[in-house]
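What follows is a group of structures, each given as structure tokens.
Presented sequentially are two complexes of chain A, the first with chain B as partner and the second with chain C.
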Partner chain A sequence: MQTITKQQLLDKADSLLANGTVTAVLGWSKGEFGYDVTPKMFTTKEDLEQNFVWNDFCGVNFSKYLVSKTDRFEGKILVFLKPCDTYSFNQLLTEHRFDREKVYAVGIPCEGMVDVSKLKAATGDGISEIKEDGDNLLVTTIYEDEPATVPCRDVLLERCINCKSKKHVAYDELLGDEGEIIDSARFDEVAQIEAMTPDERFAFWQNELSRCIRCNACRDACPACTCEKCVFDNPNSGVENKAPANSFEEKMFHIIRAYHVAGRCTDCGECSRVCPQNIPLHLLNRKFIKDINEFYGEYQAGAEVGSRAPLVDYTTDDLEPGEVFDRRDMDA
Partner chain B sequence: MQRVGVFVCWCGSNIAGTVDVQAVSEALKSEPGVVFSANYQYMCSQAGQDMIKEAVKEHNLTGIVVCSCSPRMHEATFRKTAAAAGINPYMVEIANIREQCSWVHKDIATGTEKAIILGKAAIAKVNLNTPLTPGESPVTKRALVIGGGIAGIQTALDIADAGFPVDIVETKPTIGGKMAQLDKTFPTLDCAACILTPKMVDVAQNEKIRIFSYSEVSEIKGFVGNFDVTIKKNARYVKEDICTGCGACVEKCPMKKVPNEFNLGMDNRSAIYIPFAQAVPKVATIDPNACNMLKNGKCGLCARVCTAGAIDYTQKDEYINEKYGAIVVATGFNPISMDKFDEFAYNQSKDVITSLEFERLTNAAGPTAGHLERPSDGKSPKTIVFVQCVGSRCDACAEKGKEYCSKICCMYTAKHAMLTRDKYPDTEVYVFYIDVRTPGKNFDEFYRRAVEEYGVKYVKGMVGKVTPEGDKLKVQASDLIANKQLHIDADLVVLAAAIEPDKSARPLATMLTASMDTNDFFTEAHPKLRPVESPTAGVFLSGACQGPKDIPETVSQAGAAASKVIGLLAKDKLTGNPCVAHSNELMCNGCSSCEKVCAYGAITYENKEFRMPDRTTKIRRVAVVNPAVCQGCGACTVACPSGAMDLNGFASNQIMAEVDAICK
Partner chain C sequence: MQVNEHKPLIVAFCCNWCSYAGADLAGNNRLNYPADVKIIRVPCSCRVNPMFILRAFQRGADGVIICGCHPGDCHYTSGNYYTRRRMAALFSMLDFLGIEKERTRVEWVSAAEGAKFAATMNDFVEQVTALGENKRLEDLRCKR
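Coming up: the complex of A and B.
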């Protein structure tokens, strides 16, 4: 279903490796299952030929990998960035998290990635093989002889259904056609939650967050979570690798994390994508983005390098805390 | 573990009246780290302080918690006590059980309960306190006075008199301010110009004083002792150092129909103008909105008649950078707009005027050369109605006016009424008032003279409506004492408009990070004990920018502000505040969030080499705080996503310990 082919990406990677522009390629490689795609640093043509993957499951946002991969790396790394990935890329540059000179960014178009959970829900567990057939996926499971036909658009990731941008905001080179920023409906669900009564809202989040197993996948995948030392890894914090002991702790972890990335979150959706418990974590971040937009004017983190996020900026026109308070009364 | 001593103050009955101090000191005895707990009538007294010193000696205390008034009141006192007893002064914590407890509670049980909780929080914090040592910073021995009215003039003269250089920044083309517009001054009736203009000349002639007229402050950086200020000198299109103020250009200028601000628009001036004869500096200014030459390049008469060659149509705004040790705010006041007070027909009739306009009408240098004439037809008014409290002392819910008393109106209205009756005895003068407020030396005598000797008709009650009818103003009012409605056919109605801080004050306060009240008056560091200092160190307040004031009060406050400035500038070095931010380099990831929120520019970045666990080295970008510039506001500590920024004396773990102690 992707408009750009694996061969086009391979050709680009091969030529950049061959002419010495880059010394490594950060790309997707085969995982254990067909839907399981793993990031990998490729340094040879042979490795690329054998293991490089490009399909509807390549959701991984490589931006965050650049922080560790460029660290003390000699030479340049080729990275493939989908439009949504480029926002994280810029945000990390704003925060001086990696050296731009060490990266050769190739923007690639994206037609939306598949949500494995939705796919499993459609076909049942035990997927043994997935084939692409135009806009459909042919999925074989160990329980059925005949492959099931699943339209891709029925199993897209939430972030792709509500895609905010087909436009790349950063790249050295662009493959395929440049898209547009999309006026998506991504805040609709936040508005629905805002419209709930406080009790309903509490019950909603109680239901979602009580499933959290504190695996830290959301944090590990989040491009805004690049602290040198995370408080949740600090043995002295009392919260290191700690499973929630009660419903209060369940909520606090995610709410604190959302505060932590507020103003810096580009809404890349990695948190929800990687959550093994399918918690819609992106909604917390989007609530912040929606509030920031309403309070301080439209702001998209990562739209440009070096922008001053409203939360770390001060202007005399900023609204007063009392105005926020008044609005809260209106919501309730 | 700390050895903490707890000292609970009664503050006479201020605290002991609503807090069981004995119970508080008993309850706090068993808190972690506490080895001594006592209470005393006045902890801040010599005896109270001695008690603390003895306890330190006897019990080897390492930390002190004083449960008393606000730290703004006596934290410094108890820090000195601690230092005298040999403990680091920053090992003292104050639990505010007066302002935040005894004064707001009526019931002893709840007051005591809260006092104990506040005490526990302070103990939890002091257990985590570490000794701190303040740094030092040099003092730039030059002062900046913002505003060139009588307040700014007096402050500048007093500072210069002590030998320190002073710069005055004034937005108008001349210094002098409101006082220059007044006619006579109460209660002595000496002429304002006669006492002000010599002071203006003193300023001009003082070698220590520089005047930046027609200028404004555009940027302020730095901190007490080391302010870095950018002054924008607006282009006046006349070379100040060459212009002799002869006035030939003003006479020849063909564009003579510009409303004259100095006379509040009651007459006209030319496009090139000198505000008034005694202006300082006496230099012409071209109004770019009125000058034909500047607007469309046609004219140039002034340049031709100027024998000195001072006219420069190409002049540009100029920016001047200067360093100052202290800044005095003297931005003054303005009468409020009468637009919302339609009942007095200010916008319908030219003969309804404000008191400041009346001042110009009776001033010998004013539009009528001092003859009291009606603005509409130039006739002498036979019946004048003065209305007091227009926009002052308004209901908080009312959408117009101010809640406060403007303070000066009672006296100047008495003056206006008296002078009118003195000069024009056949004029009938009514004054409508809510109360007549005359506290001040010789003030009440002055008012009584107006009533008793000059026969001014004071009527208690407010004017409800003024309706222009023919050449009369129909005034409807109530006489509250006689309990009847009055209908007066007046020729002139004078409104004692409330005064408000100048509009430039709010943005200035933002630049200075100085606090203001809801009416945009600057807040003083302490309403009684530090009335001329702003809570922002190095910023001082002079005159009506702090609250409504008459001339004697303004001058005395101006002198007080000057003496505070002199006290500061006389020091060679300032002891800094050790409660500044610092970054934990191991946690900092160099993201620049702190730098972006720092209002003082105290944060920079460095590439530092770090040893990694695998024995390799790595160069990382980390934040570095300049402790001399940091003001300890803590903005960076909350902006830091990594928790790498922390504030000495207010560390995150200390604050959390306090919260935990309160919530336990």
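Coming up: the complex of A and C.
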């Protein structure tokens, strides 16, 4: 389904490695199954040819990996960035989290990535082989002889259904055409929840958040969560490295996690993608983004390097915290 | 006969320079405000981390109020402007999760406004008492 081919990416990586522009390539490598694509640092052509993959499961946002990888390699790292990844890339640059000089960014077009859990829900467990066939996926499971045909658009990641941009906001080189910023309906679900009564909202979130196992995957995958010391690792907090003891701890973790990235979250959707319990974490982030847009003017984190996040900025005539609700009640 | 009326516990974060002095003035002027309000002095209203508010609810608070200098009068020039943005975002999120919005408030009280401090606290305690016990952000392990 992707417009760009694996061969094009391989050729680009090979030539940049060969002429010494980069010393390593940050790319997707084969996992145990067709769908569990794993990020990897490639340093040789042979390795690339054996293990590099590019398919509909390459959802991983590489921006965050640059923070830890740029220090470990002499010379530049080649990184492939999808449009939504470039926003995180810019945001990390704004926060001085890695050295731009040590990265060679290649922008690649993306037609949307597939959500493995949605695919499994459609075909059942035990997927043994996945083939691409135009806009469909041919999925063979160990229980069926005939492969099932699943249209890609039915199993897209949530962030790709509501894709906010096909435009790359940062790159050294672009493969394929420059896309456009999309006027997506990404805040619709948030608005639906806002329209519920407080009791319904409470029940909704109690239901969603109670599934949390505190695996910290949302934090670890989030390109905005790059603090060297995290509040959730603080041994004095009483909540480090353990499952939530009760509903308070669930809520506290999720409120604070979303709050700590408020104003810096680019809405890349990694949190929801990696959540093993399929909690719609992006809704919490989008609530903050939607509020910030409404209260303090439109702001897209990562759209440009050096922009000031709304929560570390102010004007003298900002909305009062109490007025937030008055405004909403007036709209209702 | 003993009546088991719920007495709310209110945590008030008061900035050292304005609101804490305002509370002091309320005391000096012998203005009444309920003893359910427990004041925590902070150097500036922007010292209040969102975690403090959640922690207060966890440990049994039924309402949390943050008091600071009036916008423009911050001892540190701009602290309360940050508070204003942060708390607007946080309170909106708490409301989004279905937690009663009446349990949280930000109020600007200067050192000369002892009467406003007492009136604010009376009003807030009344509001929280009407809501009853904090059930949605409670931690049963911390119940007295």
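As a working rule, the second predicted complex is superposed on the first by the 321 of 332 C-alpha atoms of A that agree within 3 Å, B and C clash if a C-alpha of one lies under 4 Å from a C-alpha of the other, contacts with A are read in each partner's own complex, and residues count from 1 in each chain.
Everything below uses one rule, namely that contacts are C-beta pairs under 8 Å (C-beta built on N, C-alpha and C of every residue); 3 or more make two chains touch, one makes a residue touch a chain.
The shown structure was predicted, so the numbers you read here are calculated from the model rather than taken from an experiment.
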| item | value |
| --- | --- |
| Chain C versus chain B on the shared chain A, clash or fit after superposition | clash |
| Which superposed partner A:Gln7 touches (first chain B, second chain C, both, neither) | neither |
| Touched partner set for A:Phe295, first chain B, second chain C, both or neither | second |
| Which superposed partner A:Val231 touches (first chain B, second chain C, both, neither) | both |
| Chain B versus chain C as contact partner of A:Glu194, first or second or both or neither | second |
| Which of chain B and chain C A:Met252 touches, first, second, both or neither | second |
| Residue contacts with chain A in the superposition, chain B compared against chain C | C |
| Chain B versus chain C as contact partner of A:Asn19, first or second or both or neither | neither |
| First, second, both or neither for A:Thr316, with chain B first and chain C second | both |
| Of the stretches 60-68, 96-104 or 294-302 belonging to chain B, the one that collides with chain C | 96-104 |
| Chain B and chain C contact sites that coincide on chain A, given as residue numbers | 231, 311-314, 316 |
| Chain C - residues contacting chain A, complex | 50-51, 54, 57-58, 71-72, 78, 81-82, 84-101, 104-106, 136-141 |
| Of chain A, residues touching chain C in the complex | 193-194, 198-206, 231, 245-246, 248-249, 251-252, 255-256, 258-259, 262, 284, 287-288, 291-292, 295-296, 310-316, 318-322, 324-325 |
| Contacting residues of chain A [partner chain B, same complex] | 71-72, 94-97, 224, 226-229, 231, 260-261, 264, 308-309, 311-314, 316 |
| Residues of chain B that touch chain A when the two form their complex | 507, 510, 586-593, 596-597, 599, 616, 618, 620-621, 639, 641-644 |
